[in-house]
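Take a look at the structure set out below.
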Amino acid sequence: MSSRLKTTFAGVEFKNPVVLASGTCGFGRELNEYFDIERLGGLCSKGLLEHPHGGNDGIRIWETPSGIMNSVGLENPGVDAFIEKDLDWINQKNLVNIVNLGGHSIEDYLKGMEKLNQVDLDILELNISCPNVKSGGMNFGTKTEVAREIVRKIREICRHKLVVKLSPNAEDIVSLAKMCEEEGADGVSLTNTFLAMAIDLQKKKPVFNNTYAGLSGPAIKPIALRMVHQVSHAVNIPVMGLGGITTWQDAIEFIMAGATVIQVGTATFMKPDISMDIIDGMEKYLEDNGYESIEEIRGII
Amino acid sequence: MSSRLKTTFAGVEFKNPVVLASGTCGFGRELNEYFDIERLGGLCSKGLLEHPHGGNDGIRIWETPSGIMNSVGLENPGVDAFIEKDLDWINQKNLVNIVNLGGHSIEDYLKGMEKLNQVDLDILELNISCPNVKSGGMNFGTKTEVAREIVRKIREICRHKLVVKLSPNAEDIVSLAKMCEEEGADGVSLTNTFLAMAIDLQKKKPVFNNTYAGLSGPAIKPIALRMVHQVSHAVNIPVMGLGGITTWQDAIEFIMAGATVIQVGTATFMKPDISMDIIDGMEKYLEDNGYESIEEIRGII
Amino acid sequence: MGKILSNQKVDQDFFLMKAEQDNDARMGQFYMLRAWDTYPVLSRPISVFDADEKSVSFLYKVIGKGTKLLSELEAGAEITLDGPHGNGFPELAGKKKIALVGGGVGIAPLFLAAKTYKAADPEVQVDVYLGFSGEPILIEEYKAVADNVIVNVGGFVTDDINPCDYDAICTCGPGIMMKVLYEKCQKVGATAPLYVSMENRMACGIGACLVCTCKTSGGNKKVCKDGPVFLGSEVFGNE
Amino acid sequence: MGKILSNQKVDQDFFLMKAEQDNDARMGQFYMLRAWDTYPVLSRPISVFDADEKSVSFLYKVIGKGTKLLSELEAGAEITLDGPHGNGFPELAGKKKIALVGGGVGIAPLFLAAKTYKAADPEVQVDVYLGFSGEPILIEEYKAVADNVIVNVGGFVTDDINPCDYDAICTCGPGIMMKVLYEKCQKVGATAPLYVSMENRMACGIGACLVCTCKTSGGNKKVCKDGPVFLGSEVFGNE
């Protein structure tokens, strides 16, 4: 592998701009049995809450045309257990360790943050965009001024690089991103899943206990790409782009639209090591087109 | 065909709740060669502007996973030519004649409306949600208070039943729908297409001259269904639901979620008479499940 | 990737597929199968019906898009076989009488289970209970690997078994059937442990996404990784 | 729906498919082809290569998902053939020398065109110019239906023709090729009308959606309904 894919995001060095998205790769251990996760640029942990949480009841996954809907509801072992069992293992790996933090209330977020302030990690991804929890999550991330409060409070205490993960269900994702910039975030990532609905015709009931759930996968890519383009052109902090990225072509499109780093989520379910194909494809694309660095195509559209 | 599918929408009788969506069926003539369009509940005309308009340059259609993006840009013959050439023909047909009106400015909308006030039609669908025009269109339909102005002005003069077609790109589609109700609209229809982006990797350019275009088709169905569910539960005026409806199952889901009438758009491109399959399937579903009327399942979720 | 050796309709909507595959698959494990590119999005979890060193076979029922696509594959076609995954059925060394109870396509993993239990200990008695709503299938095949095969068509296979006759019971089938069996075991005071094979919907199949979570008395478990086989008491014990 | 009679690889990425179909298709018309359910969304417009009362055939190049799926169909499979659509090439009665100029897969509609012009008037001279970037294909077939077949490989087929030699010219191929030919006709002062067959992207294929619009000197035209064949001057005349 050449150095063509080397990327700097808010001062953090990525050997390549390909990151596994939160919630689709656990804490990396399972996928490490399919491929050496050190080949990745980075990995986002499953969304953590201060306390362990059992997640949602009922069906958690549903297939839609070129997409999936999930309603995991932030099942997670809690920050303490993560620190104890997984953090060192990931930190020892040569890749950017991004830790995704959620919350059911402002206090939740702050307490989780305080604990994570005590340890080493590379980037804190603040998830104010999870549509699958009744309180907290996305509710903090749809209105710019509501979101401002939490971003400000977290920024005040967060000693790590801070990336805010935005919801495509936000009223105005551009204003949300600008707010994050104003409040001192080091970057933003987008998009999380789209709030969507599925009905079980047999049962005449919503498929999901929460009625709504989050849509991801290739179906949403064209909308996510548009949002990444809008946001990248509106802020000066770097953007992690995601939403339906499945091929190296998708990844290059997000980079051309302005993303500095891209994340791969749902596609990992199609092929556990699909991120390796994406990295190889991007490298080859740059080589075939005579680019020395991925910088040369970033944001060219 | 029994009377199970008979539906009343804002006082207008539909023999069945299946309507062809604006822009995907012209003014009905071409499809009438595939099937008797009188079997439809209704038909929405291609979006009209006061004046004829040539529409957008460049590529107008692009395929995405389970969706399509279009950028027709309201190419249309103008209200006068429509009245002269097509209106009588449609009015003579035994189906609900819905005329879709767009505009590049408030004056445009009002002048088009004045002309349409002079003629007979069943429902006026006010399109404040077209993402493919640089001025007007969706720009009127994303912020509730901006949209209020145009809805109020049109309502003041419109002597027809008025349905406002909402954009999924709206900041808050529920508040938008409530505003329409407050302003005296007889119903709302949703959703129009989702603002999205496609990049041509070979050319390193956006596919569409306008950079962004509108996404429709099965890909968006789960999101559109969620919005229809939210809106139907928030307003007392009836809702026309659309977005990716391809099968009778999809149609029944939208009805269960609260839609009174459903519209079929992109699916017609898969099979010109797919709306007939949808009608037959809905009828059979009601029969097999012992429902005397589609009313019995409307909004049950 | 493996090559399909055969893919035959057994009856109605049931198909039996055999694919070339180096494997050490055990009874009760499953593979994530995929014979398409990106549409549909998810791979399909299917249990191991039978396996030897060079091949693995699957008994599956055509339900929707994915299994429909599987059923259209012909011998020679390539298929992605990701697995084997999961814990599989336990070894049950020392048990003398084992019952295997399957409903519908849930009979699939019981074939290799019967074979394995008999191979491990020729003295063990393995009885297989098969419940069908429609035509029964593969009865002769199951007879060849079990001591007794009890078939129920159109009724409740759980009515046919006396749990107290056995030292261990394994079951796979509709959730409701497995639950009824668990309750029957409780009611009659059976001492035999009941092992249930769960069929939660899956995305990754390897323990990375938490969509297949099963709430058990021992906390949340991943069906794909910690399961699919659990003790009935863990799953149905505190409902 | 029609049944596929044959579907053979011609060379490289080119396939020739013949399907059972009652039809009255004319030269230059096209069908919307579909051999899948909902994915991909759109049907594919493909020109009529040849036709008789009971069948129609297509010459197509594998480009992306849709044509890939077409290429995998075997004889006996069902395909949806929606058409024929469009105006087709004009009759050209009275013209004595006709040139048909094709580039790449744009050669497809010229086969039936050559046959039809010869059948309508055995006296007419039909010359076919075929331009290829890779290996030329079907040359013998074209020779069987035309008076002269001029083949260009790797160069510009538009260099080979003298427009002044003809009474009418029909062309189909990449937009840029057709434009160059139009400009050459203008430059050399050819009096022959030039008919160009456009390949705009389509959704409905029947004139209902306006996504295939071609801006012409006579206003907006629907390629699927008013075309695909236009006068070169209408399309390229006022650019």
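Each chain gets a letter, A, B, C and D, in the order it is written, and its residues are counted from 1.
Convention: a residue touches a chain if its C-beta (ideal position, glycine included) is under 8 Å from a C-beta of that chain, and two chains touch if they have at least 3 such contacts.
In UniProt terms, the chains line up like this: A, B = Dihydroorotate dehydrogenase; C, D = Dihydroorotate dehydrogenase electron transfer subunit.
Source: prediction; values computed, not measured.
> Determine, using the mean of C-alpha atoms as each chain's centre, which chain is farthest from subunit B (Dihydroorotate dehydrogenase).
When every chain centre is compared against subunit B (Dihydroorotate dehydrogenase), the largest gap points to C.
> So how far apart, in whole Å, are subunit A (Dihydroorotate dehydrogenase) and subunit D when each is placed at the average of its C-alpha atoms?
For subunit A (Dihydroorotate dehydrogenase) versus subunit D, the centre distance works out to 48 Å.
> Between subunit C and subunit D, what distance separates the C-alpha centroids? Give it in angstrom.
The answer is 55 Å.
> So the centre of each chain is just the mean of its C-alpha atoms; given that, what is the distance between subunit B (Dihydroorotate dehydrogenase) and subunit D in Å?
Their C-alpha centroids are separated by 36 Å.
> Can you tell me which residues of subunit A (Dihydroorotate dehydrogenase) touch two or more of the remaining chains?
Those would be 65-67, 217-218.
> Mind pulling the subunit D residues that touch 2 or more other chains?
38-39
> Testing understanding: with touching defined as stated, what is the shape of the graph linking the protein chains, line, ring, star, complete or other?
Other.
> Between which chains is there touch?
Going through each pair of chains, those in contact are A-B, A-C, A-D, B-C, B-D.
> What does subunit D use to touch subunit B (Dihydroorotate dehydrogenase) in their complex?
34, 38-43, 80, 82, 201-204, 206-213, 215, 220, 225
> For a test of understanding, state which residues of subunit A (Dihydroorotate dehydrogenase) touch subunit D in their complex under the given definition.
My answer: residues 65-66.
> Over in the complex, which subunit B (Dihydroorotate dehydrogenase) residues touch subunit A (Dihydroorotate dehydrogenase)? Could you list them?
64-67, 69, 171-172, 194-199, 201, 204-206, 211-212, 215, 217-223, 225-226, 229, 244, 249, 252-253, 256-257, 297, 300-301
> What residues on subunit C touch subunit B (Dihydroorotate dehydrogenase), complex-wise?
Touching subunit B (Dihydroorotate dehydrogenase): residues 38-39 of subunit C.
> Under the stated contact criterion, what part of subunit B (Dihydroorotate dehydrogenase) meets subunit D in this complex?
23-26, 30-31, 33-34, 46, 54-55, 57, 59-63, 65-68, 70, 72, 75, 217-218, 246, 266, 268-272
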